[in-house]
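You will see two complexes here that share subunit A, one where it goes with subunit B and one where it goes with subunit C.
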Partner chain A sequence: MHIPDGLISPQTYLPALALAAPLWLVAGRRLRDRLGDEMLPRLAVFTALAFLLSTVMLPLPGGTSGHAVGVSLLALVFGPWTAFMAYSLVLLLQAVVVGAGGITALPVNALAIGFVGAWTAVALYRGLGFLGETPAVLLAVWGSVMTSALILALVLGMQPWLAHAPDGTPRFFPFGPAVTLPALLIPHALIGAGEAALTLLIFRHARRRRWLAVRG
Partner chain B sequence: MPQRLRFFLLGLAVMCCLWVPVAHGHALLHEFLDGEAVIVRLTFAGGDESPWFEPYEVFAPGEETAFQSGRVNALGEVMFRPDRPGAWKLRVISADGHGATITLEVDGAGEVLAVEGTHGDAHGHWSRVIAALGYVLGAFGLLMIWRQWRARPPPAA
Partner chain C sequence: MVGGARVRPKGSPRAGLFAWLAAVVVATLVHEPAWLAAGCAVVVLFSGGGRVALLLRSLRAVLPILLLISIGYLLMSWLTGDPAWGFLLLLNLRVFLLALLTSWMLRDVRIELALQGWPRAQRWLSILRVQVATLRRLAGEYRDAVKSRSTIAPTLRQRYRAGGALGLAVLDKAVYNAEAVTQGMRSRGALDD
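Moving on to the complex of A and B:
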């Protein structure tokens, strides 16, 4: 889902950096205050799992492919601030080591997937708690994936309007929202469903082990 | 004008009129050329799938207007023939926000000397994934060592 370098304009990633930087600072401080010797190795393993989930490409109907996100699992187990920080590390390594995503696109990806995705998952899980744990987790994860996809589709779709040559030729991403919204939302509706099922299994395991930092 | 010459010119005029349909007034003509082309094969990371029929643009060195544009073929390949040496750019963008910009350093003979891509080449993807997993675990390991080092009791006076 994450956007690579070269597709979004400075008019997009510079304000995103200005917004993400203080959020990273707050998240870092909160993580430092909460981090204990028990939590740290668990967070390391869950972050590695989120990284792996975001790396494995899944074939989708229509000849395309996509990958899971993994941030909602981190958010439901460790809380949104910790998830935001850990997932920013995932995105950084994706960009630097694997070549997926990008450095200039990092603030946009971190905000859309790491921050909004994590907070959406936790908010939906808490808000839908009256439905019972299983539906709440499933809908929270699915809703988180779809919300992140929606934001990235809008960010991409705005690029032809934000940055174009005098003759109207887009300088960065060339497609508008009419193309980006279905292109991102339809595949991620399927990806989100698969990720929700997988997250539920791991979430139940984490609850039995009393690892959860988030209350429903 | 002699009679024979008059008949000759009349015959020539009739033949020219008959020739017109063969001349194809506004037709797009073609010829076959022998030459070398640059072929770039594209695959999505972590799989064999290619961005089939996704749009691409090729930019000549220093140019902002595309030298060539089109769609990736059914084999996931883009082909173009550079007409000058320098850094040629190939930009491929899919509608769901995936894409890559690849810079190809081309010499005077049209040979590619070096390739630099924002996403690197397709080989070694899983090696990089495993390396990155190591970095994730290693970063948290260093954090744990740092925490333990900070938490150690002060040396006895």
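Moving on to the complex of A and C:
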């Protein structure tokens, strides 16, 4: 779902960078403190899995397709700070090694998907724990995907107002929230359901293998 | 290397990485289509051999999103009776220039070398690349093994079940491999800092 380069204005990505930079510092320090010989290989594999999940296309109605995110899985297994750091690495790898996504859009994507997505997944999972593990995981992942999609839709939808020529012509992404909200939220309601099922499968497996390291 | 044409990059990898970062930011600050078109021309001119492959790679990367946005915007602006051709030119040129710059960087800058001096970043990049390659290889091998054992085409339900079991087996194997690699790295002092 992440935004490519050229659609986001400097008025958006520069403040996002200013916001993301201290969060990366905090996440990096927390990761360094927790990272041991047990967690390193698991985190590396799950981060690589998140990278690959974002390349697996899920078919959508109308012949289109979307991709899973994988940040909820990282958050439920390793906690939100670690998930944020790991997903930021995924985005960086996509931008500088594969050329997918974008380097200017990276802070926006990292905040919307990595930070908010991870915290939403963990908050919903903890808050809905009384429903039992399966519904809590499914709803947490779906809610996380939808929240990230909502933020990205709003960020994209704000571009015509944030960056436009004196005559009002947009300079970056041209459509407002009336277009971006349904365009992102409707497909992601289905993508989120697919990702929730996939995450539940892997989360249960991780629990059986005692790989969970959730503390945040 | 792109499209079979080997290109010898000039200058230091780190300078190349920073030049790309600067160029990408500048491209988002320029709002004149003529300057963006000039930027595209400069990249094509200076990118050396394999420039056709570079152009095609960039075009493939951004064509779907540009078509989607451009057609949608044209339809909307025709409905309101005011097609903004200038904006479409600006957007398409900007996104294409950014894709061109990124394709050039990906082709000519060795990221591992550009990150010399930042051992942690280098290590994480290597670890992730190895894990991505390992997961891909394992998934391919397991898939081929299942195919070779199947005489009739499986139903959708069977495919999902087999896919789930395969995915988890691949995950187990990848974690096992990664643990072995981590122990090897630890024993050689690679994780001491």
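One rule holds in what follows: the second predicted complex is superposed on the first by the 214 of 216 C-alpha atoms of A that agree within 3 Å, B and C clash if a C-alpha of one lies under 4 Å from a C-alpha of the other, contacts with A are read in each partner's own complex, and residues count from 1 in each chain.
We adopt the following convention: a contact is a pair of C-beta atoms (placed from the backbone, for glycine too) under 8 Å apart; a residue touches a chain by one contact, two chains touch by 3 or more.
What you see is a predicted model, and the numbers here were worked out from it, not measured in a lab.
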Exercise for the section: Using the overlay on subunit A, decide if subunit B and subunit C clash or can fit next to each other. Expected result: clash
Practice task
Quick one: classify A:Ile103 as touching subunit B (first), subunit C (second), both or neither.
Solution key: second
Exercise for the section: Mind working out whether A:Leu52 is in touch with subunit B, subunit C, both or neither, as first, second, both or neither? Expected result: both
Handout entry: Partner chain in contact with A:Ile202 - subunit B first, subunit C second, else both or neither
Key = second
Exercise for the section: Would you check which partner chain A:Leu131 touches, where first means subunit B only, second means subunit C only, and both and neither mean what they say? Expected result: neither
Exercise for the section: With the two complexes superposed on chain A, say which partner A:Gln94 touches: subunit B (first), subunit C (second), both, or neither. Expected result: first
Exercise for the section: Answer with first, second, both or neither: which of subunit B and subunit C does A:Ala44 touch in the superposed model? Expected result: both
Problem - Partner chain(s) touched by A:Asp5 [first = subunit B, second = subunit C, both, neither] - result: both
Practice task
Could you look at A:Pro187 and tell me whether it touches subunit B, subunit C, both or neither (first, second, both, neither)?
Solution key: first
Handout entry: Touching partner for A:Phe173 - first (subunit B), second (subunit C), both, neither
Key = both
Exercise for the section: Check each of 62-70, 134-142, 152-160 or 170-178 in subunit C against subunit B and return the one that clashes. Expected result: 62-70
Handout entry: Intersection of subunit A interface sets (partners subunit B, subunit C)
Key = 4-7, 37, 40-41, 44-45, 47-48, 51-52, 89-90, 93, 97-100, 102, 165, 173-175, 179
Exercise for the section: Provide the residue numbers of subunit A that touch subunit B in the complex, in ascending order. Expected result: 1, 3-7, 35, 37, 40-41, 43-45, 47-48, 51-52, 55-57, 59, 63-67, 89-90, 93-94, 97-100, 102, 152-153, 156, 165, 173-175, 179-180, 183-184, 187
Handout entry: Interface residues, subunit B side, partner subunit A - complex
Key = 44-47, 49, 52, 55, 64, 91, 93-101, 117-120, 125, 128-129, 131-133, 135-137, 139-141, 143-144, 147-148
Fill in the blank from the handout: The answer for subunit C against subunit A in the complex is residues 17, 21, 24-25, 27-29, 31, 57, 61-62, 65, 69, 72-73, 76, 84, 86-87, 90-91, 94-95, 97-99, 102-103, 105-106, 111, 124-125, 127-129, 131-132, 134-136, 164, 167-168, 171-172, 174-175, 178-179, 181-183, 186, 191
Fill in the blank from the handout: Seen from subunit A, its contact residues with subunit C in the complex are 4-10, 13, 37, 40-42, 44-45, 47-49, 51-52, 89-90, 93, 95-100, 102-104, 165, 169-175, 179, 201-202, 205, 209, 211
